[in-house]
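Labels A, B, C and D are assigned to the chains in the order they are written; within every chain, residues are numbered from 1.
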Amino acid sequence: MELNVYTPQLAKIVQTKDEVVGARAIKTFRTEFANGARFDYRCGQCAMLSVFGKGEAMISISSSPLIKDYLQFSILRTGRVTAALHDMEVGDLIGVRGPYGNGFPMDAWQGKNLVFIGGGIGLAPLWSVVQTALLRKSEFGALSLIYGARTSKDIVFKDELADLKGQMPVHLSIDVAEPDWKEFVGFVPTNVLEKKPSPANTIAITCGPPIMIKFVIKNLKDLKFEDEQIYTTVENKMKCGIGKCGRCNIGFHYVCKDGPVYSWADLKKLPQEY
Amino acid sequence: MEKILAKKSFPQWVKKLDSWRVYIPRKDEEGRWNYFEADGGEVSLDVLQTTLPPKKILFPQREVFLEFAKTLAGNRETLEIKEVLPEVKPTVIIGARPCEARAAWMLDEVFGGEFKDVYYWKRRDQTTLVGFACTTPPSENCFCTSVEGSPHSEEGLDLLLTDLGDRYYVQSMTAKGEKLISAAKALFEEPKPEAKKQVKAAHAESEKKIRRQLKDARPIAQKLKGMFDSPLWDEESMSCLRCGICTYLCPSCHCFDIGDEVESPSPLKGQRVRTWDTCQFPDFTMHSSGHNPRPDKASRLRQRLLHKFQYFIQVYDKFMCVGCGRCITLCPVGIDIIKVLDKVRDHGA
Amino acid sequence: MAKIEDLKEEAKKLLREGKVKYIIGYGAGSNGWLAAPLFIKKPEDVDKLVWDPTCVHNLVRFLVDEKRRKARQKQPDKRPVGIMVKGCDSRAVVVLLQEKFIDRSDVYILGVSCEKMGVVDDAKLAKKLAGKKAKRVEVDAQDRFVVTTEDGKIEMAAEELLAERCLECKANFPVIYDLLSGEKTKRPLDKPFGSLEKIESLSAADRSSFWKEQLDRCIRCYACRSACPMCYCDECVVDSINLAVTADTTADEKAQRIHWIQRSAESSENLVYHLVRAIHLAGRCIDCGECERACPLDIPLRFLNKKLEKEAKELFGYEVGFDPALPALISCFRDEDPQDFIR
Amino acid sequence: MAEDYEPRIVAFLCKWCSSAGSDLAGVSRMEYPPNVVPIQVMCSGSVSPLYIFSAFNKGADGVLVSGCHPGDCHYIKGNYYARRRLNLVKKLLEYVGLETQRFQMSWVSAAEGTKFTQIIKDFVKELKPLGPQTKLRRNP
């Protein structure tokens, strides 16, 4: 039978973890396909998750494609579908279709230093790259991470970040000072200027709220990064995931299909429609 | 293959197509033209423009993608998902305007490609398009000749009928089309050489009758690339009401929404459906956060025009406008795509 | 019909002196005969204003846009906008004032009186012309319509071409204005709700099939809603999401939003949508007929709203759009309101 | 109509009167048909017309809104607003061809358990001959 691009595969939630609680709750899910379906993807690609009766939402995959046992998604509770996802438990079934989008061109980055710059939930898409880069460590130069959130409570992957510190420099920040906070206080773009990653043979990959990305890019430019050395992701409302439903475009690019990963050199040629 | 069909034989031919589902334009009591399923009643091709293009036959306003249901067996809940595919009988659309068939030829690009849309293609593959050349333009706002079409264009068509007074000149472009002729072979005659000449003349004449013109559509497409931030969009969209007429009634507009319709919340039962959607509605692009990349009428009008006259050309090298003029005729506030593009062309000149 | 030279003078003056931000009026439409909304920012463009029986649009709709635009701007220009209104449209201004959606100082009202006439019904005209193209529609000294076509002039009596709503018009001159062009001519009105009789006289079953047949055509393009000056809600039951969402709206608020009506254009959903719209316009609709005119599928929406206008009048003695100080129909009551239907 | 057809009624009952009235009927062991799905509301004046259309849309064969007698509203005026608004709803529903019996309004105080049972009995009796409501119902 012909493949129906709109039919999701059933997947079972096998693990959930509360990353952030409260008004802007973030939860991490691991899923396994119920019928043994396989799913090969690249870092930075997304999947359309279904909660039947509520609808679909496009979510970036935060696990590394080199780990084949499960798919991992970290999801901010923000609307109808994501709220329903947050209410689900281990053993519940969701629908997954994809993978969608272009993903990060990791093969083209071989031999280069990678600096990851994330804010809030923006660490989720980066996480897939971070994990993959660690698993293929010999192929890349130095790795480092600059990450920040509003408060220490809003930091995702807290345990994993603690482990990560053993493997690469990790620079954390929060927006407003807290008594027990030992690291940087201020916005992520400021921390970038503070930590001054060197542009030499380096790729900067940034992901987070649009306003953060805007200033991170500005500051990276100040640090003499070239447009081609900066990669980021774009988010827009999506329904089909395959460049047909017509809503996620920026200029003639469909973010779902031609994005979500853009080098700044490419993105700045497109209209600001995100 | 080229044939002649006497006009008086036309109803007989339609009757002979009984193994197809036949759609044909018809006028209702109020004088509105629309495509209806032929029911053995009177048929003729003497038509003006239908309000809705035949797009709705290939791309219905509502399409069920799948059904979902939870069942409780003992205390175990199971979720069942059933993919729903349309069952499509072989279909003929008779009297499609050449521009409407060109729209299908554009939609083929959208619904084809890397991710093939099975719902569209199930219908498209089963559908034969019989065009009716516009020897008289069906609308005063027709401008097909300005967007690389013509009143007798063949793209997307399987058969093309041209009115030659008491007969139709029938050109078949595809095997699908020939099949319709074979269904009633006896009704068709071989054309004489002068009929060929006549049809050529009729086609040439028909182009001259198109009343409206958009000059330099290709250069406009080029120019649009630099006009994203132009104040023109704000000015031209002032009177826009943000309704969906221009897009819902457009033969080539194809944007859609996918949503779950719940019949019963407990135990859960419902359908996932695709419905038409339009870039003219503010919620079309609005993020869950409330952020909207196209927050105003100006950006939405711009999107409609750029999609049709820039983006689609960049990707597929075709306009996504067939020049049927419906969006002009039916706009409640008289927004005229030709006039807006005229302004684009003359902008800064 | 009124001559609007004095109105043009005033418009020029207003713009020259910067007393208004811009003027919403009527200009020549692109098809040559039907007027279209025109937004005038410069005094030299005032001469583009037209006033003829094809000025069908209710421009008050654009005051809703203006309010939205102002809300988006950090430092909005607080000057009023000038707006051309007919009698019916002026009643829409009254409703917006009554509901405190706009303030009297937000608008400078340039009223035009329809006097003994009104505006044309483009569907009626299309039937009359039978394929011929209109170039101009005018009113002659005998209050007859004169339609200029490619091959000559056609004259017809007013009733033949007037929009149905004009035949039942309750305000042929503006009830509120800063400047009035034309005469305040009173017009007798025998049957203010005569057009409803045909449907009302049907049996319940026939009424049901009438509305089913009409509303089954609906494609939910929401042109009716979009053309309506009263349909200004940020949150509409038919939208997929609430347009009033801000960064502070919680996930729960968004998640718990009820889908009252499915997006699918099905009989039941179309009917519920139009019922909701009708009841929401009860005591607010001023019968400008824009919903019906905008509808590309010719659904007689006016008959839904007109019915509730009639009931409001007959049950509660309520007439909308004349007094900005009057409370809204459903936010007031009288002790003697009928209750014979209650058990 | 089939003998075994049982109409479904959605009843919006004011918390301060009709809902208590229905409770009274219950605790007094008065019998009335089990066709009612009661929905307690804070006031008859809080019943949006949308609730009524939606109830019909989701399969109700009849809808009842029941509130306090004039003068008795806990919020002073809510039932007066309801009286006006729902009169319009009734007229509108009739106008689009819904059988007039399908939408009812009543005044039932907390003490009127008997009246409540009678209203339901009558309502069911009137709805039975009409058969299922299909006009506003999705997927009938």
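Quick note on the criterion: a residue touches a chain if its C-beta (ideal position, glycine included) is under 8 Å from a C-beta of that chain, and two chains touch if they have at least 3 such contacts.
Everything numeric in this text was worked out from a predicted model, so none of it was measured.
S.K.: Looking at C-D and A-C, which one has the bigger number of contacting C-beta pairs?
M.R.: C-D
S.K.: Taking each chain's centre as the mean of its CA atoms, how far is chain C from chain D in angstrom?
M.R.: 35
S.K.: Could you grab the centroid distance between chain B and chain D? Build each centroid from C-alpha atoms only and quote it in angstrom.
M.R.: For chain B versus chain D, the centre distance works out to 47 Å.
S.K.: How far is the middle of chain A from the middle of chain D, if each middle is the mean of its Cα atoms, in Å?
M.R.: 52
S.K.: Spell out, as numbers or ranges, the residues of chain A touching 2 or more other chains.
M.R.: 78-80, 82
S.K.: Taking each residue of chain D in turn, which ones touch at least two of the other chains?
M.R.: 138-139
S.K.: Pull out every residue in chain C that's touching 2 or more other chains.
M.R.: 241, 254, 262, 266
S.K.: Identify every two-chain combination in which the chains touch.
M.R.: Taking the chains two at a time, the touching pairs are A-B, A-C, B-C, C-D.
S.K.: Can you name the residues of chain B that touch chain A in the complex?
M.R.: 65-66, 68, 79, 81, 83, 85, 110-111, 113-119, 228-229, 254-260, 262, 265, 268, 270, 272, 274, 277, 279, 284-289, 291, 293-294, 299, 303, 306-307, 310-312, 314-315
S.K.: For chain C, which residues are in contact with chain A within the complex?
M.R.: 241, 250-252, 254-255, 257
S.K.: Note which residues of chain A are touching chain C in the complex, please.
M.R.: Going through chain A, the ones touching chain C are 23, 25, 77-80, 82-84.
S.K.: Can you list the residues on chain C that touch chain D in the complex?
M.R.: Answer in residue numbers: 199-200, 204-212, 237, 260-262, 266, 268-269, 271-272, 275-276, 278-279, 282, 304, 307-308, 311-312, 315-316, 329-333, 335, 337-339, 341-343.
S.K.: Which of the residues in chain D come into contact with chain C in the complex?
M.R.: It is residues 49-50, 53-54, 57, 70, 77, 80-81, 83-85, 87-100, 104-107, 119, 122, 135-140 of chain D that touch chain C.
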